[in-house]
């Protein structure tokens, strides 16, 4: 996936010279995850450059750049270090178009490697998607596969509103044979990754792989035929696709790494419970990280939802 | 309610000399809403003082103070200006006890006047409760009445973990005859403000008044007997009380000013849908602000949930 | 370790007249010492001097009218610039047409002087929309309330202009209080790193709401922040419009030449309360304000112009009439200004309405129809 | 507008010896100019000098062992202090028992030198718990990764101590990169306003990961930030432990006396990569590092001590043996350190487990039992 993201940045920069990429260590070093590898060398230091360590500064200057007609694509080095930029994001990035009565849209992308599972120290494994998704005016995207990573990042850069682009960092090493460019699914479309009939598993970002793994195992272990839906665009969400799937199977659960309480899964569960009310044979369940600060490396695997936890929840769904 | 909050601060400071109050304009001026009126004069400038304009600084220094055994009670001047402190709050205030394996708890209160309805300019009418409630390690409290404002603020100051204390600013002018001190309900308890049988209306903070108004009107206008539950502590939430009420009436809705998407109401709806699954005759509905940035003063009343919007939703609940 | 900096007030007017050519201010050397008064040439024609005065006088009138409209309920609140006209108008007067301005809620008169229609400008306070004007039309960003945040927007715009090789300059205002925010520091430092063509004008008006300057920072001058990030800083008498203009002009020229950012501290005073909702009696004495009233920037400039024979009674009458006309316009369009269709709130969240917003719009539509029927 | 500041390296060792009494550094005057080298008396007994050396030598050994443990997989990652021992050890050596320390992920050796058990200290990197030691036992806050945030905690603790009239001092470290964060500015400014007894030690090691100092700020020195907020600043050769000690000691004494905060910039160099996960070849030359290797702070101090006859071979052998014992302890306790019971993750979110946490704990418990059965 890292390669797909790198290619998406490069291709976007080649196609549109208003695209500029910046952030901490993205220039010479190519980013701590090498997502911007080679961009400065190819495009020049005007198009791809390092910043001082100042996340509010990164987001805030991107606003000014977008205002002036560039398309800044900025990186927050880690999820936990996107928080100093929250004031700029909530107060301005999200509100600028509305505040100016539609006169000023901000075409900009904030890329954030997020989530756990890589044995990192604290503050490096956060799942902040709910903060962003709850903020009206933001578009929140998170790819689950390399192809989507490429296509959705390109679509996000071409988008005329600000996009929070959440990269599932534990899936950076995920491989997929790709013939680039991959065609972009429009922002705002979910996809059924695996059709099934027993129950619907809704996932996004890092949990897409986990959900598919659970579905594969379920066939052999229990004979269940799970449908897996990849949300892809967290906000605005493609609720129709989700409702259709949940209505079809009559049972649904939503998976994410983030803590459960007031998490993204709550929205999905609440909305499906309302819109698919007559179709649901069981409540919509949530399979999530626990309501604790992200734990240290030696025990993080017990925090993270895995195929077992998903399958346990499917069993509970089927008990209703 | 403003008077009750002021009395709670004063009484807490009198009873416990480790309590210190600070923030922008809270000293000489007594706060832009006068919640800290007279405290500096009575307690001295060591116990109640003004800060430079630096919200991360206010929250960050409070951490150090709590670490050293004081009980800081700090004010964010407005909801929209609590955002610069989010990094300190999410990365540290919420995580300190856990990070230190329980060795360091942070007894501190961050007071935030929040919500709309007072005709303010932009960034002065935000409802940020979901950001805080989604953050594991924070306790989030919001009073709906003057008595609760007094009692819950005192309980929050006496609490051994950090509390985000959300003051419904449009209710500052709400009056109630109080014989102080009012006994504190423990943090973590919801309360049934009005018993009823037709449906459950769940509210908190500024919407408690609105929900009660709807219940009163419902009696005369439709003969409905609504039960109104005041959440009081948003996190950790007293789900048992909510589930009991929803199970009893079989119909529930949750009201808040904040935008709907991934809002606090999603959590309540998702959880009730799961825990009261067998008892619900209709899906749990959400009556909320719209998914737009808070609008300007001349049209804010169309954004804010009011008794009409609640009663319309009750009607929909009853149609199932 | 405190260095006391004398800000000459009466003494720092133009030093010769009508051959007006010098203004006094203090440079902050890169290594941070406040230098001594350093006269720079200011070269303004009589026409320009009259324009400058006209803008200041109109500003004063607009400000007074806005306060009155607030008292009468037509504006929800207003943050007066009374006493700060020289700092604001002198600054924007140094900009060229293509330059950009990033104001806060305080800079209504600077923004007015930059050319934004006064009725559109006051939308924030009348509550008809957050930003009532088109930023692209005027090259002015919305009046911003979250303190210091807009400084970063200005830096970003300036960085973009530099990348595009456009010779424009971004000017942003902020206050002595806002200078304490982290964003102010990040903006100054990043501007330095990128050599961004941006000018930071800090109006040090002595207060952040109730908090006096001495409780805001221990620094004797906000201009010293420039030293900390290696950019030039200038401290100037903010009630002397020529000094302000000269300092900002120097900074603007430097930025346009490609020599990077400058921080200009304009020392002035907020004669009115913080906003119409504030009560100064709780935190400062009338005496203090009186002292500053004696240094009224409009009167002072007028005195110099009269002395130099640059203005006559006919001109002043004209300006006054224009002020009255402007005030009348404000009354006409801000009183009972229509609220607009509340359904518009769904239109500008994104470039296109989302499915969820359509649902919510339909709900509001239904509510509005039901209300109409009642 | 750049002022170049010579940081004497070889030249800035103790000026007389064994009557060791002077160190060289530069003061930043309140108005912000970098002053000239200003010798302050440093008065350390031979015993103290040996202690200082011992801590530096042990630090070096601990650091090397930690790097090796990372290569061997016992630590997930490690941020080396190799080359920064003088800056860290010299700073904490100036503290008294009751003082507090606020370190970052970089200051493992300073934190070790302050007395924190090395195995507890490295928990952050071994992944057994975020903070493995009791902050109250050592008066040391957790090693912090969100940059500059801990500086505010230090200021708050110092404010609290001042309110309680406790004569203690809080010392916080941060880096040249972290100095760009808004929090760093807010901390410096607030410390100034309240005259908080806090010492900020900036280890300017030339890099923030891959970003060199000249792209971090245009300021010739981070010490100049002090001028911007009206507090004293000192720039010191960070590879000369006596200079560092002398500067920080002066700052600590000043704070304890009630004279407020000081910013000390210790100019040093990060000889290793940013962390064990970093690759320096992408952004800097080996030559650069070699130059700094020649200024190795441990070797340099040892040279001075030998020359002055303060240490002999027996002492050095003792220190080496102690270093080996410490390293052995690290290997013993950090290899295959047990993960602990994952159920503990529910225990420290709040003072008491909430109903929801009980539910989740039961779920995990069930998962763990099921796994046991498989």
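As written, the chains take the letters A, B, C and D, and residue 1 is the first residue of each chain.
By our rule, a contact is a pair of C-beta atoms (placed from the backbone, for glycine too) under 8 Å apart; a residue touches a chain by one contact, two chains touch by 3 or more.
The structure presented is a predicted model; accordingly, all values stated were derived computationally and were not measured.
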Both-way neighbours, i.e. chains that touch chain D and touch chain B: A, C
Between chain A and chain B, centroid-to-centroid distance (C-alpha), Å: 30
Averaged-CA centre spacing for the pair chain C and chain A, given as whole angstrom: 40
Distance from chain C to chain B - Cα centre to Cα centre, in angstrom: 36
Overlap residues in chain C, where contacts from two or more other chains coincide: 129-130, 146, 180-183, 186, 189-190, 193, 215-217, 344-345, 349, 354, 356-357
Multi-chain contact residues (two or more partners), chain A: 51-52, 54, 56-57, 80, 83-84, 87, 91, 95, 98-99, 122-123, 136-137, 237, 261, 291-293
Chain contact topology (line, ring, star, complete or other): complete
Residues on chain B engaged by chain A in the complex (per definition of touch): 56, 80, 83-84, 86-87, 90-91, 94-95, 98-99, 122-123, 130-131, 133-134, 136-137, 235, 237, 258-259, 261-267, 269-271, 273-274, 277, 282-286, 291-293, 320
Contacting residues of chain B [partner chain C, same complex]: 24-25, 27-30, 32, 50-57, 80-81, 83-84, 119-124, 260-261, 290-293, 295-299, 302-303, 308-309, 312
Interface residues, chain C side, partner chain D - complex: 1-3, 28-34, 180-186, 189-190, 192-193, 215-220, 224-232, 260
Chain C partner contacts - residues on chain A that touch it in the complex: 20, 46-47, 51-52, 54, 56-57, 59-70, 72, 84, 87-88, 91-92, 95, 97-105, 136-137, 139, 160-161, 188, 236-237, 239-240
Residues of chain C touching chain A in the complex: 100, 129-132, 134-136, 141-142, 146, 149, 151-161, 163-164, 170, 182-183, 186-187, 189-190, 193, 344-345, 347-351, 354-357
